[in-house]
Amino acid sequence: MPSQIPAIVQDRVSPRAQEYLKKIEHFVETECIPADEVFEAQISKDPVLRWKSYPPVIDDLKKKARSQGLWNLFLSKTHYSEGAGFTNLEYGLMAEILGRSQTASEAMNCSAPDTGNMEVLAKYGNAAQKKQWLEPLLDGKIRSAFLMTERFAASSDAKNINMRMREDGSDLILNGTKWWSSGACDPRCAVYIVMCKSENNKSTEEFKQQSVVLVPANTPGVTVVRALSVFGYDDAPHGHAEVRFENVRVPKSNLVLGEGRGFEIIQGRLGPGRIHHCMRSIGAAERGLEYLIARVNDPARKTFGKSISEHGTIRTWIAESRIAIDSCRLVVLNAADKIDRGDAKSALKEIAMAKIMVPRTVCDVLDKAIQAHGAGGVCQDFPLARLYTGIRTLRIADGPDEVHLAQMGRNENSRAGQLISKLKQQEARREELFRVYKIEGRSHL
Amino acid sequence: MPSQIPAIVQDRVSPRAQEYLKKIEHFVETECIPADEVFEAQISKDPVLRWKSYPPVIDDLKKKARSQGLWNLFLSKTHYSEGAGFTNLEYGLMAEILGRSQTASEAMNCSAPDTGNMEVLAKYGNAAQKKQWLEPLLDGKIRSAFLMTERFAASSDAKNINMRMREDGSDLILNGTKWWSSGACDPRCAVYIVMCKSENNKSTEEFKQQSVVLVPANTPGVTVVRALSVFGYDDAPHGHAEVRFENVRVPKSNLVLGEGRGFEIIQGRLGPGRIHHCMRSIGAAERGLEYLIARVNDPARKTFGKSISEHGTIRTWIAESRIAIDSCRLVVLNAADKIDRGDAKSALKEIAMAKIMVPRTVCDVLDKAIQAHGAGGVCQDFPLARLYTGIRTLRIADGPDEVHLAQMGRNENSRAGQLISKLKQQEARREELFRVYKIEGRSHL
Amino acid sequence: MPSQIPAIVQDRVSPRAQEYLKKIEHFVETECIPADEVFEAQISKDPVLRWKSYPPVIDDLKKKARSQGLWNLFLSKTHYSEGAGFTNLEYGLMAEILGRSQTASEAMNCSAPDTGNMEVLAKYGNAAQKKQWLEPLLDGKIRSAFLMTERFAASSDAKNINMRMREDGSDLILNGTKWWSSGACDPRCAVYIVMCKSENNKSTEEFKQQSVVLVPANTPGVTVVRALSVFGYDDAPHGHAEVRFENVRVPKSNLVLGEGRGFEIIQGRLGPGRIHHCMRSIGAAERGLEYLIARVNDPARKTFGKSISEHGTIRTWIAESRIAIDSCRLVVLNAADKIDRGDAKSALKEIAMAKIMVPRTVCDVLDKAIQAHGAGGVCQDFPLARLYTGIRTLRIADGPDEVHLAQMGRNENSRAGQLISKLKQQEARREELFRVYKIEGRSHL
Amino acid sequence: MPSQIPAIVQDRVSPRAQEYLKKIEHFVETECIPADEVFEAQISKDPVLRWKSYPPVIDDLKKKARSQGLWNLFLSKTHYSEGAGFTNLEYGLMAEILGRSQTASEAMNCSAPDTGNMEVLAKYGNAAQKKQWLEPLLDGKIRSAFLMTERFAASSDAKNINMRMREDGSDLILNGTKWWSSGACDPRCAVYIVMCKSENNKSTEEFKQQSVVLVPANTPGVTVVRALSVFGYDDAPHGHAEVRFENVRVPKSNLVLGEGRGFEIIQGRLGPGRIHHCMRSIGAAERGLEYLIARVNDPARKTFGKSISEHGTIRTWIAESRIAIDSCRLVVLNAADKIDRGDAKSALKEIAMAKIMVPRTVCDVLDKAIQAHGAGGVCQDFPLARLYTGIRTLRIADGPDEVHLAQMGRNENSRAGQLISKLKQQEARREELFRVYKIEGRSHL
């Protein structure tokens, strides 16, 4: 039984999943992590060229991974027939291992945003859409982007979206600008899944004015304006794009599910994807902790006569990081399991908990790892600073923590009526007991 | 399926345990919680009398609980034959419910320190010792205390114990003083389980000089000197005693396991007991959150025109408390499950994690609940301040957090050699890949 | 120059104040702190008698203090003629020393709530009121209470007050209940300063319906119903009372300032008093840190072969506590100085900052001190647990932290318009520079 | 009186300094901040060219600043004759304003590491060294670097330095590698101040084996190997260099102070420089808070029907940021004042406090500002992410927080003997009082 599987889920991981976990770990540790810097080195330093190709090492890794069956692990057997046949809980443990490496997720065709996009197409796409886009995505031939966020809207409230869609005969015409379209800079990105708002709403219901449209990347009128950076990283060649749509024309058949079904689709999309991010984050934290431990035990780095690992503060960091990581893992696996037992909707609370708790906790672990490395920790010699910034964005992506906290607080608060009533009943029973035992009572609620 | 059972353990809770959980919850919510203030009211305010008797309500609760089979739930079926037949994991869920009430644990004969003491006697006692002490304890006829901590020793390092034991023919003679002997003030406390150190050590090994001796409470030479308070609460009639031993004579047959086996016994004792404390703490946190929610929705307490529950800060408190509680529960259940699958020793890491994480997290939840109640929160009108102080002591009891963190950090740090070696192999593989791909390399570890 | 005076205020402390600081420190360290446990020991353990008298040691301390001129130090020379002639800043440094001891403030006639009440009387009382109440208070002959908080109202919003006042000829009749009336249990408490609301409001303005009335403690109809506890401490004989008013009749001449002036008075009252609490808290933190350092260097308490003080975690606690304390001191002294330069109203922001920052920080220092003492830390053998609970209530008293944070946030947020306008000007200037330097620009605000 | 001057220091800021503060603020807000993006835009995107020149706008700013007398403000009048005639306290307030902008410090010839280097030369340089290097530095003609940190040494303990220096006739020969040599990439950088260790130590004292040598940047054998990045930013053209020394030959007259005086020099160097960093950080935090407030009041960004600024969580962030910033300012100004009253050595504690407290607090403020901006916060459209990473490095630069905490803890802990003795005296006095008052005593320390 792989050591990172918590006792509490050991019966939930099939022998086949256990075998895969070992294979994945071996592949990630011996192939992907060593390839991470090759990947970096193969990206051109030239400001234009770095977006024109992608590192050759990635195709070699994909070939190796696929030959071992390490492919499309993310599509849960409970909900999809196209995947590798694992539960979300099992994939949770796998995704954690992928998260240790920059290249592993793509090597096994499990990288965002393609994973979420494939889920959308598998779940909501019609046969033609699946044929055209899902198949090459499952095959790792193309990549995709999800265009939701907008620069001048408070997009954590999706009703605020400004990208306009209007009908023109059998076509749709799109106008507007999206940003933080991750992956849209990649030369292999072939399709954009675009959230837009009908110019002439057929529905008066606020939640039925949004639609999801498939837009081929080379459609006239589409321009990748610029790449956004994450702290100082541009994440080339993947990138986070600002994309302008000027009278972009696509056939109506490119609508997913139909006009006005946009909300339904994004709500279906977000569930497992958030778990994927969270689980990968845990792998990032484990890697950070490994670096931390290796560093503080480096015999060349004694200070004031003793190994840094002997300092009590560092010991405490290590222990607290272990607690942080292990508790996050349980929270994520519990959410995954809840999805497996029903669907993402029934697991809203558990998913939100993971979404809020994991990134802030992992950022903290990585920050300690950085600190333990001194100046080395913030620079390119270690993966720590980059991992930190990647995880930091998860506190913002798919809605900032604060929106989720507010929502979760509101849901939890809805128990108020029932609780107040229970407290009153307990109060009444207490008064009764006071009479029985002849105690001079008091009431205080 | 009771709602507080996390998805991830639903298959691990037997139908019988589920049924018991419902019965326990009903009994605690409708009988024990209303009785908590009766219990308080039945304790005399007189500084002497308050230690001479115990509240009558407790016997009535015990009768009711036992008649429903709610008795001795804590002795896990995996390790003991004397209990109610549940796993530690199942009991973990039960103990949480007990932790909501001040009287529930004792009502079901599941209260500390008797639980740990019964475990010691069941595991290490001989037939005569079981007959004399375990049976009446299991029967709820007597109570017991565990005398370990000493005032002038750093007792988190058990080698420092000063209570002396010497042989005198077939007897043992004990001299010294213990404190924080919880329950030793209770008029029903009939036996002390005492950790002492041989005056003439037969062993030169530091860990074989301690012994555990059973001392009847009424043995001449034993004096309860005074009761210690916990943030102003004396916890009468249970109490936390300072106990003096002056030439206290007991037969050698009162030794548990034999001379020099003290370390073995306390190590066996601490495991599940820590889980019990932690799980009860989670119940305390749930109760705190219930009070918080009820309070902030009190229609009489609007400030600045809106219900306190509508303030964003409060919403965030509620959500963060929910996350805190649910993640703690998973950590504790995972530790319980690990014990079930092996023993407490194999679950050292998981137990330590729970021991460190849960009390600090629960203190934080309760502190927020206090704050939400304003001045009411710190006084006797709500159970919050008292719950807080009880949980606060758990960060000290059975070794302070810092000792556990240091130990956990040291254990985790022992991976250093293996990690450094792995990183070197990854480095070597990377250099190889750099050559394959003709990249000008660099080495940087 | 006494060592605890920060560099930055050294020029602001007069030679006379410096001399007093030395005398006060000597008196507190050699007389008051040793007397603290005498004070405790002289309080009867009997639940009724403990409220009927006060510890004799306090009168002896008062005599000694007054004979050295250590008396009424708190009334700032800037605003009152009745005091000892120091600025609020100078008194801030003095109050800190008083805060180290339980008895010191009262010994020097500087204890709450009398200090705030004397300020009210000095500032707003008429000649007769001063004669009757201020003089004996300044003389230390009587004590007083301020009755503001109510049990069933969200009293952080003072408009919610329920205590009713109606006119009856030349008299006023009061009905209602107050709680958390600190000091009202003391047998020497002779006068209550009561906030009430006119039954028939003469004013339609919400802030002109409250009045402050002086009620002699022995007025018929006044009943001290019970004492509230702070965690488990009842703070006898001072106490925190619930006080019931049933048709309590006083002459109209007992109104302070006049009907409807209540808001004005409490706003004037709260300023320096909050500074007093904060400064005393800093003294409490210093004392906690002293105990912490003494404990971890106790040669009898080595663990795992070394002094506890050598553990890195403890070293960090000590350093972080020093930083916490010193930064709080600066914040409080800055607020005091702002009051000295104008009045409490002009220092609202600075006072609020101190009120929010100091108690939470000091609680944290004391919590660490408790933890370093193990079980000893929570019990009566050290002043730590009690100090903690006292400071903890300051996060609630005079309005909970959250109300002050919300108010401060709103005030700070009122800069928004000006800031947005400044950013726009900077944007415009940047566009201009882009043109000058022939850079292809972009606009992004 | 400029509004950001705390009450407590208002008497310490001369009218001339006040006038300068206004001029500086105006210059920074209207010239430097708008120029910050011009500066960025003028840096070539080409990976080689970006290090070959520096943005022209900087020379224009320097001219403007100097013409207004805003030049060399940092050299305190207390300790240097070469500066603009302000105290460290006054400069502290100025440096804060400089910290709001990326270009302001250099524009006024107050940027690190030149400031610290000028202090070294002014304090320890001989006439020839001053002539050759200090004059052009004061004149803003050249720039400089300080080469201390090494990649493979735990350089927080300076005894570990590996850069070797040996004598060869009247020359010195240097061999080794430094990294994090900030500014060494700048094409204007003309001189390196290098810390090295004598190959044949003349002294057996560990602290007398280090020397400081001036090395012209173009000396044969010196190679800038590469630039380190800070969370993805390369900080071109300034940069953080790895610099290799291979048989680098300079005359012995390039030694500062003389062989073996290295420790003395760095200790003198670090004091005010740390204050400069801290104060600039406070300006960065103020700017972050300005952006935060502007953002949450953006009328285009309402969520769920209300302005983001109306959410309680955001209000709390704003208030807590204000408290954080204002308390940091007081701590830094107090340290500056302590230096003014003596020297950096006498202010070690105060400097360390600022060094530890300020960066972590400012990181927290900036992190909140980032979060409030959503995805915008982490990218190039706002200065926030970059400011964050710059401040984050301060927790590492000049020794990591943990080293300072450990040192501060040790110093504070040195009071232990005196405290234990005081507590014993208080204990003795208490026992005496117990006898006087006829109380049955107890002793408990």
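A, B, C and D are the chain letters, set down in written order, and residue numbers restart from 1 in every chain.
Basically, a residue touches a chain if its C-beta (ideal position, glycine included) is under 8 Å from a C-beta of that chain, and two chains touch if they have at least 3 such contacts.
The chain list, named the UniProt way, goes like this: A, B, C, D = Acyl-CoA dehydrogenase family member 11.
The structure presented is a predicted model; accordingly, all values stated were derived computationally and were not measured.
Contact with subunit A and subunit D alike is made by B, C. Looking at A-B alongside B-D, one finds more C-beta pairs in contact between the chains of A-B. Subunit D has its Cα centroid 48 Å from the Cα centroid of subunit B. A separation of 38 Å divides the Cα centre of subunit A from that of subunit B. Contact with two or more other chains is made by residues 311-316, 381, 402, 405-406 of subunit B.
Against subunit A, in their complex, subunit B makes its touches with residues 6-12, 29-31, 33-35, 37-38, 41-42, 56-57, 89, 290-291, 293-294, 296-298, 309, 312, 314-320, 322-323, 326-328, 330-331, 333-334, 337-338, 341, 347, 349-350, 353, 356-357, 381, 402, 404-410, 412-413, 415-417, 419-420, 422-423, 425-427, 429-430, 432-434, 437, 439, 444-445. Interface residues of subunit A facing subunit D in the complex, by the touch rule stated above, are 45-47, 149, 151-157, 160, 179-180, 228-234, 240, 300-304, 308, 311, 313-314, 370-371, 374-381, 385-386, 388-389, 392-393, 395-397, 400-403, 405-406. Subunit D makes touch with subunit B in their complex at residues 311-316.
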